[in-house]
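The structures come next, written out as structure tokens.
Heads up, the next two complexes both have chain A, just with different partners, chain B and then chain C.
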Partner chain A sequence: MTDRERDSLRERVDRLPREVPPARDLWPDVARAIEASRRRARVYRAVAMASTLAAAAAIALFVGVAGRRTPGHLAVSPSVSTPAPTPVVAAPPPPLPEENAYQGAERLLDAELDERRASLKPAQAAVLDDNLRIVDRAIETTRAEVREHPEDPELRAELDRVWEDKLDLIRQATELYSEM
Partner chain B sequence: MRALLSSIAAFLVVLLAAAPRALAQTSNESTLTIAPDGVVSIHVVDCNVHVVGSTRRDVKVTAPSNDVRVTGDGSHVSITVRPGGAPSMDVAVPSGVHLEVHGVEATVTIHDVAGPVQAGTVDGNISVDGAGHDVEASSVSGSVDVSIKHGDVRASSVSGTVSIHLATGGAAWAKTVSGPVTVGGAPLTRAEARTHSGTVDIDARLEGDGPFEAHTHSGNVHVVLPKTAPVTVDARTHHGRVDNPDAGTPAPGAAHTVLTVWTFSGDVHVERK
Partner chain C sequence: MTTWVDTLPMTESPARPQQAPVGIPARVRAAQDGDAAAFEAIYRENVGRVHALCLRMTGNPREAEAMTQEAFVRAWQRLGQFRGESALSTWLNHVAVSVVLTSRRATLRRLRRVETTDDLARLDGPDPVRPQPDSRIDLERAIALLPDGARIVFVLFEIEGYTHAEIARELGIAENTSKAQLHRARGLLREVLHD
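After this line comes the complex of A and B, so read on.
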């Protein structure tokens, strides 16, 4: 029953004459109505309890599903080729004079990337650091070869490329992390 | 006993009655009109995005949550999902829109969007297919896979796989650090593939001046070219081996089409099929 219906019923009841004697004994009907009302109350309690259980089950189901949501967006481990043996370098050789410009650019870009690092999750920082190490190793091995073969233009071109890759990597990571 | 049975029956009735209603209520839709060449920008965190282009004239966003913000003015529609806002989202757009998607911990799939596409994610894979033309996609720790009919594609990752396939040709630029790179299609008028510790695979018909380059530092390079393609392969390695049937014999008529292959410590294998 709506509030409007309830108010209308009250108004009509209020308008009824109050001195009319009952035509018969009303108590048995009232008692039956009370008992019926009690039965309905028991059913309502059962329904309420069932609803509560259903709600709890639904919440548990939702939490379970949400918790199990597979991280489909996470990349699988990259299939990295088995590289041919890379020359072992005992100690990193010092940078060549022509690397100064790259190192200066790296310092500038690193400062910008470092500002983003605080917002990275450990796994994200690990991915970045792992790949920076890969490029650093490439720079070191190429640098060592350039020192041994200073006249080889291909090696010098490779040293330029790996440095440009490192700067690109820092730039790309900074740009994508800035969206976080 | 009767009360217990009543409770169980009531529980089942309520559960069955409530389940479909609950499911229906969790899916929310928003629709905004947009110009056929308008801009659609999507920024999401922890939400997988699926965008589909079609002949429709509006942008429809469907997500299992109402915590998705959609705003627009007819020429630009912006869609934002905050962390925890929605686990996934479907976006239907007019095919010709300019689409920009930026995600963190988000897988992005884009199908049949013919307008310019720019997609970037931090943790998540990107996949673009169908009617793409001008695609730029990058990820930090996810794979990037672009497979369209024809177009100009720039795809990059840091630790993931990068793959470009242009069925009827175009230009491909692919780069990653520790993942493999695959480039294919015909005819490609430009193809540049670069990785550090991954492999490079090129299976394509090359035409024109390029540039055509495949570089890796410590990975191997595998090139497959049509048997009679007038392409000269200039393959070199510093510490590895080169298996190139074309070595020293430039293909006839290939004066301008040269594929340069370089690996510092990997092997190169060139194949004609």
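After this line comes the complex of A and C, so read on.
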């Protein structure tokens, strides 16, 4: 390509319009996608907080066990790990059919945990209960979003994840106290 | 997480003069705080430019619409990262380029799984069908007819003002490959454009 040809091409490129509007208004679709993204962000925040606190609670419970086994160790104070409970203003939405299996597993684990509750210090029981409440709120938040937007597979996957977090927390607490 | 959009240096070019720091306009701040109406105004103001870029990079109106949509959703999600170091329109263009290239990489990966070829140039396909020598064709249409790789390099270099180094980094190719694609694009355009 000669310099003249290149200059000519350059001139034509410079004359191209800076803006070419789309044939239709894309905003409604963009707005819908943004709303879905916001929804997921809300759920992720609730789930992330629940997961973090559940993990912290498991550690706190473990340290509590170690503290009991080795006198002199500092037992975890519930005031460190537990945020103030949020008042419930509305009845939680009923569980979805696909939560049946999780609820069945939860009942079995709860029964096992209840048998061991007597060996928990009141402070440790408080840590566990407060954190279970936080995970429950995350389940309710996610469930409400799934009910409103059943077509969103990411929300359904998130509901599975937060249920698994809850079952893990109960399982860990049960296992720790069955060792005593 | 820092993405290439945040780290890409502004380059001087005839098409995209370097911007002085311009701060964050009130409307952008409002959108950063979650004001959807403010973001809609940003969309309305910039959609023509973003769509033009997507259309030229993809050469396909349908794909361009999808990419434009995705670019604005991505921009909404990352708006908090916009620090006002460049004009918002420049930042939006970078987001759109990132969206188109990410989509193209995904397509190439899909094709690679199906075709098993180590010569990605083949995925560009043969040179497009050219118009008859006596036909007139506008530049926009000629760009759309370029093979994928040549078209993207041409648009980024000639229209968006990227350097070969930037193009090479974004496309994961050697700088010389970028130069060769540009040469190829110019050659094909010369053949189909009649002054």
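By definition in this document, the second predicted complex is superposed on the first by the 91 of 180 C-alpha atoms of A that agree within 3 Å, B and C clash if a C-alpha of one lies under 4 Å from a C-alpha of the other, contacts with A are read in each partner's own complex, and residues count from 1 in each chain.
Heads up, the rule we're going with is that a residue touches a chain if its C-beta (ideal position, glycine included) is under 8 Å from a C-beta of that chain, and two chains touch if they have at least 3 such contacts.
Please read these numbers as outputs of a predicted model, since none were measured by experiment.
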Which partner, chain B or chain C, touches more chain A residues: B
Chain C-contacting residues of chain A that also contact chain B: none
Contacting residues of chain C [partner chain A, same complex]: 14-15, 36, 39-40, 43-44, 47-49, 51-52, 55, 61, 64-65, 68-69, 72-73, 76-77, 139-140, 158-159, 183, 186-187, 189-190, 193, 195
Partner chain B, residues of chain A touching it in the complex: 42-43, 46-47, 49-51, 53-54, 57-58, 66, 69, 71-76, 78-81, 83-87, 123-124, 127-128, 130-131, 134-135, 138, 141-142, 145, 154-155, 158, 161-162, 165, 168-169, 172-173, 175-177, 179-180
Contact set on chain B toward chain A in their complex: 3, 6-8, 10-15, 18-19, 22, 43, 45, 48, 87, 102-107, 120-125, 138-143, 156, 158-161, 175-180, 194, 196-199, 215-220, 236, 238-240, 262, 264-267
List of chain A residues in touch with chain C within their complex: 1, 5-6, 8-10, 12-24, 26-27, 29-31, 33-34, 37
